[in-house]
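Take a look at the structure below.
Each chain carries a letter (A, B and C) given by its place in the written order, and its residues are counted from 1.
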Amino acid sequence: MLRRFLPALVPTLLAIAAFCASLSDPYFMEIFIMVGLIGTVAVAWNLMAGFTGLVSLGHSLFFGIGAYTVAYGQVGFGLGPLATWPIAALLALASALFIGLLCFRYGLRGYFFSIATLAFSEVAFLLVSATLWLGRSDGMMLPSSPDALRYLQFDHKWPYGLIIVGFLALTLFISQAVLTARPGYYWRALRDNEGAAEALGVPAMRYKLLVFALSAVVTAIGGAIFANTFAFVDPRSTLGVELSIQLLVFGIIGGLGLLWGPLLGAALLIPAGELLRNYLGSGFHGVNIVAYALLLIVLALLLPQGLGGVLAARLRRRAPEKPAADAKALAMEAAQ
Amino acid sequence: MSSTIFLQALLSGLTNGAIYALVAVGLTLVFGVMRIVNFAHGEFLMLAMYGGYLAFTFLGVDPILAVFLVAPVLMLMGYLLFDGLIRPALKVPEINQMAVTLGLSLLLQYLALVVFKADNLLVTQERSTASIWLGPVLIQMPQAIAALASVILLGLFYLTLRKTDLGLIMRVVSQSRDGAALSGIDISGTYRWAMAIGLGTLGIAGPLMVSALYVNPHVGQLFTLKAFVIVIVGGMGSFGGVLIGALLVGVAESLAASWLTASVAAAVPFALLILVMLLRPEGLVPAGGSR
Amino acid sequence: MTKFTIDRRQTLLMGAAIAMPAIIPSRGRAATEALKIGVLVPTTGVHASDGIRMLKAHQLAAKMINESGGIKSLGGAKLELIVTDIQSKPEVSRAEAERLISRERVSALTGAWASATTIPAAQIADRNRTPFMITSAVNDALTEQGMKYVFRTAVKAKWFGGYIADFLDYQKSKGVPVAKLALATEDGPAGQAVRTNYTSVMPGRGYPIVADETFRTGTPDFSTIATKLRTSGADGLLTCAYAEDSTVLLRALAAQNFRPLYVGFGGAHVNQTVLAAGKPSDRTFGVVEWSPDLNKPASLAFVKAFAEAHPGETPLSNQAQAFVATYALALAADAAKSTDRNAIREALTSLKITDGPAAVLPAPVLSFDEQGQSPATCVIVQAIDGKFVTVWPEAVAVRPPAPVQG
C-alpha cells in the first residue's frame, strides 16, 4: 500500500519541506506558490498527454474557467470559495465532457486534437476579452473584504502556500490511485495503440472522457486557487495559450512518463527562469528567453523521456532490483 | 450596414484571405509531406519580413524585387533547418516535435529582439498609400500586390505538384512514406526539399507583407495560429484547400469585424475551425489519397 | 513501458529540485547607504520597445542625481536602481514587485508601463506598504481605490476627453471647427478606457460621435474600418492604438483620401514609428502628457541631457514621465532624510515640485493628492514636416496648429 503511493507521497513530503523552507521569505513563497500551482496543473495535464496520449493545447480554458468563476462569483454575487470552487469544478467538468464528446466522436487524434483544444481556448480567451461584465481584457480585481477568511484573503502568503500543498498532495494521491487501478492501465493501452486496446474491449470513449474530465476539474481548481491567491485575473494570464504551452514545456522537460515529471519540470524551470531574469535579464533584453528556448529544444530532442525519466532510469539501474509492487502492474500491462 | 461597407468588407476579406493563403501554403506543404506541424512558421515569416525591410532600407531594393533575394535565403534556411533540427525531431514522439518547434519559435523571436530591438520598422514608398478603386470600394496597392503574388504562387504550386517529377515524388511521399521508400525514393531528400520550398514561400510573403504592414520581433505570431486554422479548415496538406480555407477565414473574419466588436470577430476563425473539425474533420478539400 | 516505481534516493534528488527556491543564494544587502529604487519595466514581450525606452529615462535620472551629489540629506547617498524585466505580463510584474520589496529591500518602486501590468504590482506595493510611483498607466481606478502607497505622475484616462474638447473649442475659436467625431480604438485595456471616456465626454461638449469602431491590435487590414469612418460623415477622428496599428490605419485612411482632423492617443501615437509612415501621419495631432519641444527650461534640459546620453535619440512622453517619477522618489527621500518606506510615503504627500531638474512635465506644479494622483495635464502636438511639434495649449506651444489639409 505504502509502496503503491510512494510516487505521490515522496513529492508531497518534499513539497512540505520546500514550503517550510520558503516560510522565511515572501519571495521564496511566491516562487513556491507558482511552482506548486502550475506544477500540479501540469501533473493533471500530463494524465492526458503522457498517460493517454491526448496532448491538450487548450488547458488554459479550464484554468480560466476556475479563475473567472471565483472572480465573478465574488464580484457579482459575493460568493466565497466554498461555493465558487465546486461551481468551477462543475463548469470545467461540463466543458470537458462537451469538448471531449465532440472531439472523440470524430476520432481527432495527435495534432488535430491539440489544435482543436487550442481553438476552444482561444475562442474563450477572445470572448472573455470582449465581455464587459468579465472585465474585458482589463481583467478583474477581487476586492478586499472585511470578512477576509470567508474569501480566503490573508495578509501573508504562507496560507496560500499551505492550500497549494494540499492541492498538490490531493492531486498526486488521486492521480496515483487512478493510475495504478484499471483506468490507468486502460489509458496507457489507449495511448500505445488505441485500435488494439479497443479490440481487446477497452471502452475508448468512456476512458478518454474520464481522463479529460479529471484533468479539467483539477486544472479548474488550480485556476480557482490562482484567483484567490492573486486577487486578480485577466484573460492573458489565465486563458492565454502561453499557459497551455507552459504545461507542455514542463511536461517535456520533467518527463511525460512519470506522475511527478511535470512537477519536476516546473520546479526546475520556474526558479531557473527567475535566476536567468535576475542575473541576465536587465542587461540583455531577451537573452534569458533565448537560453530557455535553446534548453527546451535540446532537451526535447536529446532526452525524449525528460530529466525525470533520466533520473529515474539512472537510479533504478543503481538501486537493487526489487519492485514487487510492480509485478501486478507489469502483469496488467502484459495482459494487454 | 450599408451595401458599400458590405462590399468593402467582402473585398477586404478576399484580399486578406489571399494573403493568408500565401502564408499558409508553406505550412500545409510541410505538414502534408512530413506530418510535422511547425509552430515556428510565423517566425520565419517574421525573418523574411525583416529581410524585405533590410533590402529596401539598405540596398534600396523594391519589395517586389526583394522577393528574389529573400526567397532563396529562406529556402536555404529551410534546407539547413531540416538537417539541423527537423530530421532529428522526426525520430522523437509527436509531443516532443511540438516542443522543438515551439522552442524554435521562442528562440527566433527573442534572437530577433536581441538583434533588431523591439521597434516597429516600416517600408514607406509612394505606393504605400496608393489604391485600386472598384466602384465604391477599394484595395490598397501593397495588399493587392501580395494577393496577386499569392494567386500566382498557388498556381505555380499546382502545376509543380501535378506536372513535375518533384511534385509526383512529394505526392507519393505524402501518401505513403513506406511505399515511397520501397520504390526507391529518397525520403530525406524529399523532406529537405519540402522544408526548403515551404519556407521559401515565406520569402515571397515576407517582403510583400512588410510593405503592407510593419515588422517587429513578434509579428509572426499574428499569423501562425491563423495559418493553422486555414490549413485544417482547408484540409491538411491540400493546396486547393489552402486557398479555399484562407478565403473563407479572411471573409468570415472581415464580415464579422464589420458587425461585431473586434474581439468577438477575432474568435470567428477559431469557431469556424471547430465547426469544420467536427463536421468535416478531413477538411473542406481533403488532400488526395489516404494517410 | 514506463514504470512508476521510485526509491528513496530518487526522491531525495527530486526533493532538491522542488526545494530549489529555498536554496538560491540571496544577494547580501549592500553595505552602503544607497537609496534603492526598484524599476519594473517590460524589456521583453509585446511592450518591449516601450519598456527599453523607459528604462533609459529611469537610468538617466539616476545618473543625473548621482552626478550632482546623490541624496544630499542622506550624506550624498547614491541612488541605486534595481531594474527588472516584467516581460509585459501581469503575473510577472506582480512577482517581481514582490521580489524587489522582500528580497532587494527597495525603498520604493516605479514603472510597470501598461495598466494591466501596473495594477497587480501596485496592489502588492500597497499591501507591503512600499511607495509605488506609477509612470504611465492611465487606468482611473489606480488612484481612486484608496491605495495609500500608490502615486502617479501620469494623468487619468478620464481626463483626456476634457483636454481634447478644450482643444477642439480652441480650434473652433480659430475658425477651424469640427462638427462630428468618429472613434477608432484598440480592443484592449488602454483603448477601451479611452473609448469609454470619449463617448461619455464628447457629446456633452457639443461633439456628437457618429462612428465608433474597435479593432484588435495586430489587425492586418483597416480598409473596412476606414470605409466606415469615411462614410460616417465625421470630420474629426479620435483614436487610441498602438503605434504599429496606427501606421496601418493611417495608410488605409490615406488610401481612401480621407483626411479628417485626426487626434491620436499618447506616446503610442507621438512616436517615431508613426512618423515613419510618411505622408499619412503628416498633420495628425496627438494628445500626450509631454513633448520634447515643450517650452519649459527643465524640459529642454532633460532633452539635451538625454541626447547626450543617447546620441540621435529624442525622448518620448513616457520617458519624461519615467524620468520625473525617478526624480520625485529621490526628492522625497531627500525631504524625508530617510530611506524608510513610510518616511518616503509621508514626504511624497507633501512634495511640491515647481522648478529644478524634475519640473519637466507641462503642469505648473508636481504634487500628489491624498489618493496619490498628481495634477498632471496634457499637450496637443502635431506632426509637421516629419516632427511632432507642440501646438496647444498656447502657454507652452511652439507654434499654432497647421491646417489639416497640408
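Here is the rule we use: a residue touches a chain if its C-beta (ideal position, glycine included) is under 8 Å from a C-beta of that chain, and two chains touch if they have at least 3 such contacts.
No experiment lies behind these values; they were computed from the predicted model shown.
A.B. asks: If I average the CA coordinates per chain, which chain comes out farthest from chain B?
C.D. replies: For chain B, the chain whose C-alpha mean is farthest off is C.
A.B. asks: Would you say A-C or B-C is joined by more C-beta pairs in contact?
C.D. replies: Greater number of contacting C-beta pairs: A-C.
A.B. asks: Take the average of all CA coordinates in chain A, do the same for chain B, and state the distance between these two points in whole angstrom.
C.D. replies: Taking the mean C-alpha position of each chain, the two centres sit 32 Å apart.
A.B. asks: From the mean C-alpha coordinate of chain A to that of chain C, what's the distance rounded to whole Å?
C.D. replies: Chain centroid spacing, chain A to chain C, equals 36 Å.
A.B. asks: Return the residues of chain A touching two or more other chains; collapse runs of consecutive numbers into ranges.
C.D. replies: Within chain A, the residues that touch at least two other chains are 129-130, 136-137, 285-286, 289.
A.B. asks: Could you check chain B for residues that touch two or more other chains and list them?
C.D. replies: Residues 110, 113, 118, 261-263, 266.
A.B. asks: Find every residue in chain C that makes contact with two or more other chains and list them.
C.D. replies: Touching at least two other chains: 44, 48, 52, 187.
A.B. asks: What residues on chain C touch chain A, complex-wise?
C.D. replies: Residue positions touching the partner: 1-11, 13-15, 17-24, 26, 43-44, 48, 52, 55, 83-85, 87, 89-91, 94-96, 98-99, 101-103, 115-116, 119-120, 123, 127, 139, 141, 187-189, 192-193.
A.B. asks: Of all residues in chain B, which touch chain A in the complex?
C.D. replies: Going through chain B, the ones touching chain A are 37, 85, 88-89, 92-100, 102-104, 106-107, 109-111, 113-114, 118, 225, 228-229, 232, 261-264, 266-267, 270-271, 273-274, 277-278, 281.
A.B. asks: Would you mind writing out the residues of chain A in touch with chain C in their complex?
C.D. replies: Result: residues 6-7, 10-11, 13-15, 17-18, 21-22, 24-28, 30-32, 34-35, 129-130, 136-139, 141, 155, 176, 179-180, 188, 230-232, 234, 236-237, 257-260, 263-264, 267-268, 271, 274-275, 277-278, 281-282, 285-286, 288-289, 308-309, 311-312, 315-316, 318-319, 323, 325-326, 329-330, 333 of chain A touch chain C.
A.B. asks: What residues on chain C touch chain B, complex-wise?
C.D. replies: 44-46, 48-49, 51-52, 186-187, 214-216, 218-221, 223-225, 227-228, 231, 243-244, 247-248, 251-252, 254-256, 272-273, 276-280
A.B. asks: For the complex, give me every residue of chain A touching chain B.
C.D. replies: 49, 55, 57, 102-103, 106-108, 110-112, 114-116, 118-120, 122-123, 126-127, 129-130, 136-137, 241, 245, 248-249, 251-252, 256, 284-287, 289-290, 292-294, 296-297, 300-301, 304
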